[in-house]
Amino acid sequence: MLRFIARRGAMLVATLLVASFAIYGALYLAPGSPIAALTGGRTVPPEVMAQLEARYHLNEPFLTRYWIWLTSALHGDLGESIPLHEQVSTLIAQRIGVTISLVLLTSVIIIVVGVGLGIVGALGRGTVDTGVLFASTVSAALPAFAAAVLLQFVFGVMLGWFPVLGTGDGFVDGLRHLTLPALALAATSVALVTRVTRTAVREELGREHVQTAISRGLPWSGVVQRHVLRNAAIPITTVVGITIASLIALAAIVETAFGLNGLGAYLVQAAQNKDFAVVQGISLVLVFAFVITNVVIDIAYALLDPRVTLGSRAQ
Amino acid sequence: MSTEILDPVAEAEESAPSRRRLSRIGVIGWVSIAIIALALLLAIFGPILRPFDPNLSDLSFANVGPFGSHLLGFDGQGRDVLSRIMEGARTTVLGAGFVALIAVAIGTTLAIATAWFGGKFDASVSAGLDVLFAFPGILLAVVAAAVFGPSLLSAGLALAIAYSPYVARVLRGAALKERAMTYIAALEVQGFGAWRLCVRHLLPNISSLIVAQGTILFGFAMVDLAAISFLGLGVQSPQADWGVMVSEGKTSLLQGYPIVSLTAVLCIVAVVAAVSFLGERLDASSKDVLR
Amino acid sequence: MSEHTSATEPVLSVRGLRKVFGTQVAVDDMNFDLLPGRSLAIVGESGSGKTTVARMIVGLEKPTAGTIVACGRDRSKPARRGAERKLRGREVQIVFQDPYSSLDPRQSGADLIDEVLRVHHDHHASDRKRIVGELAEIVGLDQRQINAMPKALSGGQRQRVAIARALATDPHVLILDESVAALDVSIQAQVLNVLADIRDERGISYVLISHDLAVVRQLTEEAIVMQRGIVVEQGVTADILDDPQHAYTQMLRASVPGPGWKPQRMRERKAAADAAAEAAAS
Amino acid sequence: MSSLLEVRDLTVQLKMDAGPREVITGTSLDIGEGEAMGLVGESGSGKSMTAKAIARLLPDGATVTGSVTFDGTDVLALSGDALLKHRAQVAVVFQDPRAHINPVRRISDFMTESLRILDDVPKAEAVRKAAAALDEVGIDDPGKRLKQFPHELSGGMLQRVMIATALLSEPRLLLADECTTALDVTTQAEVMAILDDLRRDRGLSMLFITHDLELAGAVCDRTCVMYAGQIVETSAASRLHEDPLHPYSAALVQARPDISSTAERLVAIPGRPVSAFEAPSGCRFAPRCPHSLDSCRSTDQVLTDLDGGVVRCGRATDLRGNLLDGAHV
C-alpha cells in the first residue's frame, strides 16, 4: 500500500512538473508581451520598460524564468496578476471556495441520483427501466451550458424560484445560488453515471458467480447485495470518480453562465485578458486537483478489487 | 490445458444474417440518422441556402418574434435567427467533425503502434499519454485561447489533442485483444510483415469500434466546442455559431425573450442526442464480436 | 532417435532448447530430431511448457538458449528480413487450438489462402484458385464452405480452414498445438482422419502438442513427456503409453479414464512426483 | 431403488433474439437415491439445460413443459422459500470454477454464506465447518485457503472448493455440469475420486454431465446419451461401451481414439452435431447415421425398453449386438 502510494506520488509530481513546464512554455511562446497588457498599449519610456522587465524577470532566459517561477510556486507564490496588481495565490484563495462548493454539491447530486437511478433501472425491469433510460437519454444530451440556459429560463425567469446570477451571501443564500449551477453541471454526468451503473448491475446480474449464488438457494435480496451490488461497485466507483474529476474543468462553463465568482470563471476571464500569471496559476491548481482525484480513484479501485494488486495500474 | 466445449446454439445464432444488426436500430435510430443528415446538409449548404444575411443587423427588429419569412424571428441585435442557425451549422458541426477526425487519427495510430510493438515503446507512449490525461479538454482549450488568441482553430486543435489519449486507450485495449488472437500469430508464422498484418487484418477488425469511438467523440466535440464558443474563447461573435448564439441570446433570455438561446440549444441537443444514440448502438454492435 | 540412422536428414532438429520467463523456467534443455514423414508428440499438462516449445519453433517466442534447425537452416534467432520470414513460413507451419480466434473474421477461407499464396509466390490468379480448390478438397471442405465467412462455419470446419491455410505453402513440418482439443468427439475423429491422410499423401512431419494421450497414440510414433518445463520421458509413443517409466508419466497414464478405470485420490503420488520434479529443477 | 428425481417428458424453449428456440425435447430420466447417473452428449445436445431445468436455473423467458419431481414435490411449481429450499437441496458444480466463484470475496465468505444466511449458523462455527469440508476434499492447510481470494488458487483447487461448498448445505442431489472438463487429467482423476468417495460415503445422488463417455462409464451406475435435445439411450454405464443400443452411442464409442492401440482409421461420424431447434423431423440422428433407412427420417422415434436399457431407435432390435462391428446391415 505504501509503495503504491509512493509510486503514485512520484507519478503525480512528474505529471505536475511536465504540466507546469508545458503551460509555462506555451504561455512564454505566446505572441504579445505582457507589458503591452500592462501598459494598455501606450508607449512608455525605455527606463520604465526596463524597470518593469526586471521586476517581472522578463529579461531573463526562458529556463531561468521557469525556474524562478517554479521555486516560488512551490513556496505558494504563483506570481502577480499584472493587470490586477495582486498576488495570484491571493486571488485563487478568494475564489476557490465557490468552485469547491459547486463541485461538491454537484458530486452529491451525481452520486445520489445517478447511482440510485441506475440501480433502480437495472433491477426494476419494464416501465421503471424504460423511464430511467428515457430520463438519462434526455439529460445525457444536455451539455452544461445548455442546461444552464434552460434552468435559468425556467426556474429563474419564468418561475422565479432561484436566482440566476451571482454567488449570494451566507450558507443558505449561497446554497440557493448554487442549486441551479449544480443541477446544470450535473445534467450530463448524472446521465452517464446512471447508464454505467445500470449496465454494470445488469452485467453483474448475468455473471456465472451470481448464478452460483442463486443455485445455492440464497434469497434474491442477499444475492443482489452481496454479489451484484458489491461487484458492480467496482466499475461504478471508477466512473463516478472520473466524472467528478471532469467537473473540475467543466465548472468554468457553469460559473461563467451563472456569474459565479469561482476559479473557472476567473480562468476564462484571464485567458481573454491574456493575464498569463493567472492562467498559469489556475491551470496548475486545476490539473493538480484533477490528478489527485485520479489517484484517489485508483486507490479506491484497488481497495474494492482484490485482483488488482496495488501498484499495477488500474485501467 | 482447458478443453473448451463449443456452443452450437450460440454458433447458430451467429450465423443468422448480419443484416439484423441494421434493422435493430429502430425508429429512434432512423430519426437520429435523419437529424444527423439534416445537420450535415446544413453544415455544407446552410451558408448558401440561408434566406437572409446572418450578420445584417437592424436594431429596430431587436427581439422581435417570428413573422413572415422570418420563421424564428430576430435576435437582440435584430438579426434573422433562422439564417444565423443555418450559417452557424458549419462551424458547429464541421468543426466538431474535424476534431473527432484528428483525435481518432492520432488515437488509432498510437493504439495500433503501441499494441503491436509493446514493450518499452508502449510503456513510454503510455506514460506520455498519462501526462496528457491530466489536461481536461476544456482546460487545454482555455490555455490555447490564452496563448494563440481565441479562435475555432486553437480550440479545435486543443480538443483534438486532449481527446486523443482517450481514443488511444480504448482502441489500444481492443487492438491488444485482437493482437492476441491466434489468427494474427498464424499469419506471422506465414511470414506476413507487420505493416500488412496491422493494415489489412488488425485495423479492419477494430474498425467498427473506431467508427463508434469517432461518433461518440463527435458528440463530445460538438458540446465542448459550443461550450468554448459560449465562453467567448472559440468562434468569435458576431460570426454565427450555435454556441455563440446561446451566449448572445442570454441577455434577451434573462429579459424573457428566450427564442435565440433556446433554438440554438435545441439544435445542439438534437444533434448531440442523435449522435450519441447512434454512437452507443455502433459501440454495442462493435462489441457483438463478429466471430 | 539413433535407431533411425538412415540417409535422411532430420527435417526439424532441436538442441538444448531453453526458455526462461523472468525467474520461471518454462522449458529446460529439450532435444529432439524429427525425420521427414514422422510425427512427434509433446505431452504434458497445463504449465508444462509444451506450448512454449511450439511457439519457439515457429518463431513466436525467442529461445533463451539452444538451437532450432528446420530443413537444415537455423531459426533460433528472429528473422531480420521479410524474405527470411517468408522462407521460414514455407518450412514450418502451425495450427492452433481455438478454432474461433484462429481465423480473421473478415476473410473467407478462400480469400485467406489466396492472400497467403500471394505473399509467398507469383502465381497467376487461376493457379491460386486451383490451389485453393485442391486444399479445400484435402481438408474436406466443399466450395460453399471454403468461400464462407468464418462465422458461418462450425468449429470443426474452421479448424479445417486453419489446416488448409497452414498447408498452403506446402511446409515440411506442421505443428499441431492442441489442434483437435476443442472439438466435439465426432468432429475430432474427422479431423484426425484428415490429418492422417495429409501425412500419407504429402509426407509432412507433425509435432503434436497435446494433453490427450489417446490422440497422441493415434497420430504419433514418438513422444516427449514434459512436466514443468522438464522432459521426463522421451521415446516411442506406444512404449511410453504401454509401459511408462517415469513416475509422472505413470500418473498421467493412470489418470486417463477407460474401461475398468477407477479414479484414485492421488494426493500422495502427485506430491511425490512434484517433489521429484522440483529437486530436478533446482 | 426408489427414485429421488423423476423427469418426465421435459421440453424447454429458450427466448432468443430470433424467437423461441427449443433446446430439450421430451426428456425423461430417473435418478435413484444414492445413484450416479451419467448424462453424455456433444455440444448443443441439451445436457446442461437439463441440469438447469432440474435446479430451476433456466434463464428468464424460458418455457418449460413436462414435469420434474424431486422427492415427491413438483419442482416446476415451486416458488418463494420452497424454491430456495429446493435449490439448497440440489447442489450444482459448474464447469468453470473461476467464473462461478465471486472473485472479490474471500473463500471463507463464499463457502459460509449459505450456512450463515440460510441456516443462521454463527460465523465461527460456519468457518470451522468450511475448513472441515476443505479437508475432506483433500485441500491442505484449509485455514490459509479460507483467507485467500479465488484468484490466488489454481483451477483444480477452486473446483475442489466448489465441491466442498456444495457439500456444506448437505444436498441430496449433486448436479455436476462438466465439472472436470477444464481441469488437467491428473487433477480430473483426483476430483473424480473425491466425488466418488463423497457420493458413496454420504449416499448422495448425482447427475454427472460430461462429453466424455469413458469418464461417465467409470463413475456412474447408468448413463443417458443425449443427441439434439433428446435422450437416445439409457443403459447401465458399463454396458454402453461393450454393447450400445443406439447407433449414436456406438458412434461416440468408436470415434474416440484408443489409448492402448492405434487404429488404422477412426470411425468418424459425418456431419456435425446439431441442436434441438435445427434438428430434422423423424429420427434426429438419421442424417448422420450409417444404419438409417428412409423410414427413420419419416417417423419420430420413441423411447422403448430393450435388453434392460431404453433406446430411441426404430432399428434397435435389428441392430442389437452388431453396432460396434461397424457392419452395415
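We call the chains A, B, C and D, going by the order they appear; numbering starts again at 1 in every chain.
Please note the rule applied: a contact is a pair of C-beta atoms (placed from the backbone, for glycine too) under 8 Å apart; a residue touches a chain by one contact, two chains touch by 3 or more.
Every value quoted in this text rests on a predicted model; they were computed, and no experiment measured them.
> Among all the other chains, which ones are in touch with both subunit B and subunit D?
For subunit B paired with subunit D, the chains in contact with each are A, C, in label order.
> Which one chain sits nearest the middle, judging by mean Cα positions?
If we average C-alpha coordinates per chain, B lands closest to the whole-structure average.
> Could you find the chain whose CA centre sits the greatest distance from that of subunit B?
When every chain centre is compared against subunit B, the largest gap points to D.
> When I count C-beta pairs in contact, which pair ends up with more: B-C or A-D?
B-C
> Taking each chain's centre as its mean C-alpha position, how far apart are subunit A and subunit D in Å?
Whole-Å distance between the two chain centres: 54.
> Counting in whole Å, what is the centre-to-centre distance of subunit B and subunit C, each centre being its mean C-alpha position?
Taking the mean C-alpha position of each chain, the two centres sit 47 Å apart.
> Mind checking the centre-to-centre distance between subunit C and subunit D? Centres are C-alpha means, answer in whole Å.
Roughly 32 Å, centre to centre.
> Residues of subunit C touching 2+ other chains?
Within subunit C, the residues that touch at least two other chains are 45-46, 154, 184, 211.
> Please output the residue numbers of subunit B that touch at least 2 other chains, ranges allowed.
Only 1-3, 5-6, 8 qualify.
> Counting only residues that touch at least 2 other chains, which ones in subunit A make the list?
Residue numbers touching two or more other chains: none in subunit A.
> Looking at the complex, which residues from subunit B come into contact with subunit C?
1-6, 8, 11, 14-15, 181-183, 185-193, 196, 200-201, 204-205, 289-291
> Going by the contact rule at the top, pick out the subunit D residues touching subunit A in the complex.
These residues of subunit D touch subunit A: 55, 57, 83-89, 91-92, 94, 96, 99-105, 113-114, 117-118, 149, 151, 165, 169.
> If we count contacts the way the header does, which residues on subunit C are in touch with subunit B in the complex?
Contacts found on subunit C: 45-46, 58-60, 79, 82, 85-90, 92-107, 115-116, 119-120, 150-152, 154-155, 162, 165-166, 168-169, 178, 181-184, 211.
> In the complex of these two chains, what residues of subunit B are touching subunit A?
By the definition above, subunit B touches subunit A via 130-131, 133-139, 142-150, 169, 173, 223, 226-227, 230-233, 243, 246-247, 249-250, 253-254, 256, 258, 261-262, 265, 268-270, 272-273, 276-277.
> Per the contact definition, I'd like the list of subunit C residues that touch subunit D in the complex.
Against subunit D, the touching part of subunit C is residues 45-46, 154, 156-157, 184-190, 192-193, 196, 211, 213-215, 217-218, 238, 241-242, 251-259, 261-267, 270.
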